[in-house]
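Chain naming follows the written order as A, B, C and D, and within any one chain the residues start at number 1.
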Amino acid sequence: MSDPLLQGRALVRDFAGLRALNAVSFEVARGSITGIIGPNGAGKTTLFNAITGDYPPTAGRVIFDRRDITGLAPNRICRLGISRTYQSVRPFLGLSVMNNVRIGLLYGRREALTRGEQEREMFAILDFMQLRAIADKRAEELIPLERKRLELARALATGPRLVLLDEVIAGLTPTEILSMMETIRAINARGITVLLIEHVMKAVMGLSSEVIVLHHGEKIAQGDPAQVSQDPAVISAYLGQADLSAGLRR
Amino acid sequence: MKRTLPFVVPTALLLALPLLRIDARDYVLQVLTLLFLNIVLAQSYDMVGGTMGYINLGHIAFFGLGAYALGILYNAGVPFVPAVALAVLAVMAFAALISYPFFRLRGAYFALAAFGLVKLMEYVTINLNWLTGGSNGLKIDPANRTVPMYLVSLAVVVIVLLASWVISRSRLGLAMKSIREDEEVARDFGVPTRLVKTQALVVSSIFPAVMGAFYTWYINFIDPGQVFGLKIALTPVAMAMLGGSGLVIGPVVGAIVLYMAEEVIWTQFDELHGAMLGGVIVVVGLFMPGGLMRLRPLDALLGRLGWREDDR
Amino acid sequence: MLNKSCSLSRLGVAALALMASLLAWAIATPVQAQTEILIGGTIAQSGSLQGIVKPFGALGQAWVDDVNSRGGIYLSKLGRKLPVRMILYDDQSEPPTALKQYERLATVDKVHLFIGPFSSFVTNAAMQASIKHKIPFFMVEANDAVLFEENNNWRATGLAPAAWEYKRVAELYKRMGGASTFAVLSRDNLHERGAAQGFADEVKRQGFTVVYKEEAPKDIKDFSSIILAMKGKNPDVVLIEALPPPWNIGFLKQARELGLNPQDIVVGHTPIPVIKGMGESAENIVSSLYMFDGDTPDHLRFAKLCAAAGFEPWQYSESGIRYRAYRRIEDALERAGSLDADEIRIAMWTTGMTLFGEETMKHDHEGYGTDHPYPTQVKGGKHVSLWPLEKGAATHQYKMGKW
Amino acid sequence: MDLAILVQLLINGILLGGVYAMAAVGLSLIFGVSGVLNLAHGEFLMLSGFFVYVVYDRLGLNPFLAVALVAPCFFVVGYLFEMGLIRPLALRKEHVRLASATLVTLGVALIVEDATSFASLGGSFEKSVDIFVPTLVLGTVFLPSLKLVIFAVVLALIAALFLFLKYTYIGLAVQAVTQNRRGAVLNGVNTFRINAIAFGIGTFMAAAAGGFEVIHSAVAPDIGLPLTLKYLSIIVMGGLGSFAGVALGGVIIGLGEALVGFYNPAWGQTVAYLLLVAILLVRPKGLLGK
């Protein structure tokens, strides 16, 4: 990859003696949808947290758009153009849908928006995520699917160049999965690079142009989906997790 | 117009009150002055405690510091108005200074460290008796300042209410609320949390500092146990909770209700004033986590007045 | 829409009505005709000071009942006796509350004279109402110098300055002989500081040495370091000046535990909890009270009032001061002969009455009185008066380190 | 400084730390398990002191026997306190819960204080038991035996608590709840019961400390809140939820007070809060906090 948007160089992250990430190096191409898979406890979310600065890497470098962002505060990293969602959704429960989105617009952007631009952007995002009708509700009044959409809306509000999606598809019904996959593609079509963690193999394989496989905190494979699913190391890592390995072979 | 009327009319009436020619005028003014003091403390406490979700049990430290700063400056010969300004600036600087270490703490740690700060301030004030007069207290020239104090407190109440309202609708206010809801997420979405917390604390320190400075001027004889007292530290918190912490209208309503309850208690009962106050506080904590103004009928009323906030 | 605005305005009217009625409730008390003498004041029934003065509400009522049982106080210019009524509020031990309530007493209850609250801080705030409304203010348990900084003809106290508190105790040691070095420890509080400093100055003036003098925090619980430092100075007499009994008990128990054995121990305030808590060890502790043993009418009446209020005179060391205030009010009213504020004020300042059969109360030009306490010694679990001095020197027994 | 004095000061400070730790351990347990800052802790201490006094005064019992009688009753008091007043707050949002628990316990503190002072109207507000346990004297060093006993009791209680937490089912459940409330619930732990037990034990410890207070010095209705504040700063200093931290925090404050207090009594009391702020500056989670 000649000029990746995001690059991890030998990332290490320790938690009280436990090594959650061990020398993970990877690259995410501009404009791509890249998937991260791996069994539970493989370090996927830890990798996200290392990128966003929530839990900065113990060693190694994170390079975003040719710039070293290792150790920057999360709010600064956000302004540089990385945005995220959470595995278990974390909208600001007491705030209205609009204000949830507004946070990203007001604080997450590098350049300040005028009031008019703000409103226009906000309603465009609400429309895009089909949240306009419930814009005045508080987040705690939303149903789970709406909360997921709200998380995505908030992530888009910061005007990111890269979004990290942590299991946005998990827990949805088959119809909802299809619509969410469409949404992710649409986001990508806006020129936003997507890095996503997912357990639903069909979705990952369907969406991603590239897949990274983590296991026990180490990267064991990276490549296009078809190639990765044939990788013996990957298969053995998933062994014992019948449904997942079944998903891999399918 | 309709929305501001319920605010403007009482303010105008209260402003006209000193013109009243009845014997008990000054008594009424003093009752209201103490009420205003409570409103200011509760309302400004809630900027950090309610809007930002950091239970600042040390809010009263700003009041006591303002009271002492004014007394010391005034006795050193600084004219009154500059002395107030300097006292308030000193308190703001103090707030900015402590915000860094204190906001490294979260939840209970923050609440406790802030509470401990009040006690520390009390002791230090006692011990530095060359500066503060120590346990002998600090006295400034006495005078009857009932009417000016009343007007000043009323003005500060109006200002603090406006400030709360403006903040709750502002960029800063939104960031404060997001910190209350989930500080890590707020930071992930670009909110410079440390800066926002410092700003919030400094803003919230202005009002108790002003009231503290005027308190010394009004009572003219203060001592550390009084201005850094436990009761005065904790009642504003109870008031904010009673009315509805995190709502602009909450603390002011809570302050009025609790203060009036206290007035009734001490005039109507000879004994057990503290216990009754405690009972009220328990009931609030137990049954009204959202406070009065989140109760359905009152919430509906706010809706009709057009005062309901989006984020509650 | 019509409905909505209608209920809104109804609500507005209701809110205004509520406010007005609250205001009315606050100021609505029938205006008093001159059929009784109204005395108003506050007593801490809650807050930090309640422990020292709470029963004085009952004591006040006992006095009122006593006066009224004789038909009240004779006012010569009215040519008849008027009954007394006392209105006491709870100042919550806080100055702003006291200020508010004295204002209420002046304007709503329309009292003829004020009786002061406990402590100099609260008194300072309360006095503002007296100056403003020109109502005579009988100060009670308040004699700090800051209260006397300004010229104010509306207040006066029966008390001498705080520094006099141990004058008689110091005189006693002068007369006794046998002790020459003194250690003085006071609680770091307005009143106690002044009193302890007065004692230190007094014994120095008598030619003794003060080997240790310290102030300890209001809420200290562990005295071991202080006791250790004190032991190093080996004083003959140790004086402890603190109002709250736990403070005194804490010090005494730890002094016993750590082997501090001076010849004599003076504990300024030794009410019943101290004696009960120390048991045998309290024997021969020297203390002071605002009265001495005797059988003058004042002694008998004081004992009777305290009994009616449910305690013995020596159990609340400040009760003697209260009693003196009541007597001064009676005296001033009788001599004024009317309820005119100015006449009461002048009568209050020109008193020359005799109390407890012995002393003549006076005022100096600043408004200080002459009352200061008398030495006592704990014997058999009670205070025994060491006054007058001739008697005291004979009765007093050195503790000689016997705990 | 004279060596003998230094030794005496160190002994005084350490023993004082034991006294502080006694009540603070209970408070720490309560916080660790339930996440509640119990502002009524000192009131229970005070109340227990009063009951000990009443039992001693009216029934003529030996004060130590009275403590042994009264303190266990406070286990029930703490248990019921949790059931009636703390449990209903369990489902609230974190910061709302912290605030409402603070309010509820503050209200209870005010009620207990005022009711106690009301109940003793007519008598005196302060109570103290007259008993003297002779001091152990070794050369120039004075070892107050009562405090030695307290210190031993504290150590024993902390050890017992440790064993209880490590080896009994309830103890393990308590630990599980301390570490992860939600996880414990998912694993079938009845957190309500565990909270109540923690309150029971914590209040029992406060009551035991109250017994000591009335024997060793005196209790009065208004001593509660200031004591609570001091204990809270000790447990924060040591690290919330860590018992060893509590003992350490107690001893540090005890030593600070003893050493500073020797030269300057005024700053002796201040040092506790100075240390609190200083330690939190360096370690936001306390000395042994995780």
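Everything below uses one rule, namely that a residue touches a chain if its C-beta (ideal position, glycine included) is under 8 Å from a C-beta of that chain, and two chains touch if they have at least 3 such contacts.
Just so you know, these numbers come straight off a predicted model, no measurement behind them.
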Problem set entry | Selected interface, B-C versus B-D, where C-beta contact pairs are more numerous | B-D
Problem set entry | Computed distance of Cα centres, chain C from chain B, in Å | 34
Problem set entry | chain A and chain C: spacing of chain centres that average the CA atoms, whole Å | 73
Seminar exercise, completed: Chain-centre distance (mean CA atoms) for chain A and chain B, in whole Å, is 43
Exercise. Tell me, which residues of chain C touch at least two other chains?
Worked result: 46, 48, 188, 215, 217
For this session: Two or more other chains in contact with one residue: find those residues in chain A.
Result: 93
Problem set entry | Overlap residues in chain B, where contacts from two or more other chains coincide | 123, 126, 180, 271, 273-274
Exercise. Got a list of which chains touch which?
Worked result: A-B, B-C, B-D, C-D
Exercise. What residues on chain D touch chain C, complex-wise?
Worked result: 5, 8-9, 12, 16, 19, 114, 117, 121-122, 124-132, 135, 137, 142, 144, 146, 216-223, 226, 254, 257-259, 261-262, 265-266, 268-270
Problem set entry | Residue ranges of chain D touching chain B (in the complex, touch as defined) | 31, 35, 37, 85, 88-89, 92, 94-96, 98-104, 106-111, 113-115, 118, 121, 225-226, 229, 232-233, 236, 240, 266-267, 269-270, 273-274, 276-277, 280-281, 284-286
For this session: Name, in rising order, each residue of chain C that touches chain D in their complex.
Result: 46, 48, 50-51, 54-55, 188, 214-217, 219-222, 224-226, 228-229, 232, 244-246, 249-250, 253-254, 256-259, 271-274, 276-281, 310-311, 315, 403
Problem set entry | Parts of chain B lying in touch with chain C, wherever the complex brings them together | 6, 9-10, 13, 22-28, 30-31, 34, 37, 123, 126, 134-137, 139, 142, 144, 146, 215, 218-221, 223, 225-226, 229, 231, 260, 263, 266-267, 270-271, 273-274, 301, 304-305
Seminar exercise, completed: In their shared complex, chain B is touched by residues of chain A numbered 52, 54, 73-75, 78-79, 83-84, 86, 90, 92-96, 98-99, 102-104, 106-109, 136, 138, 154, 157-158
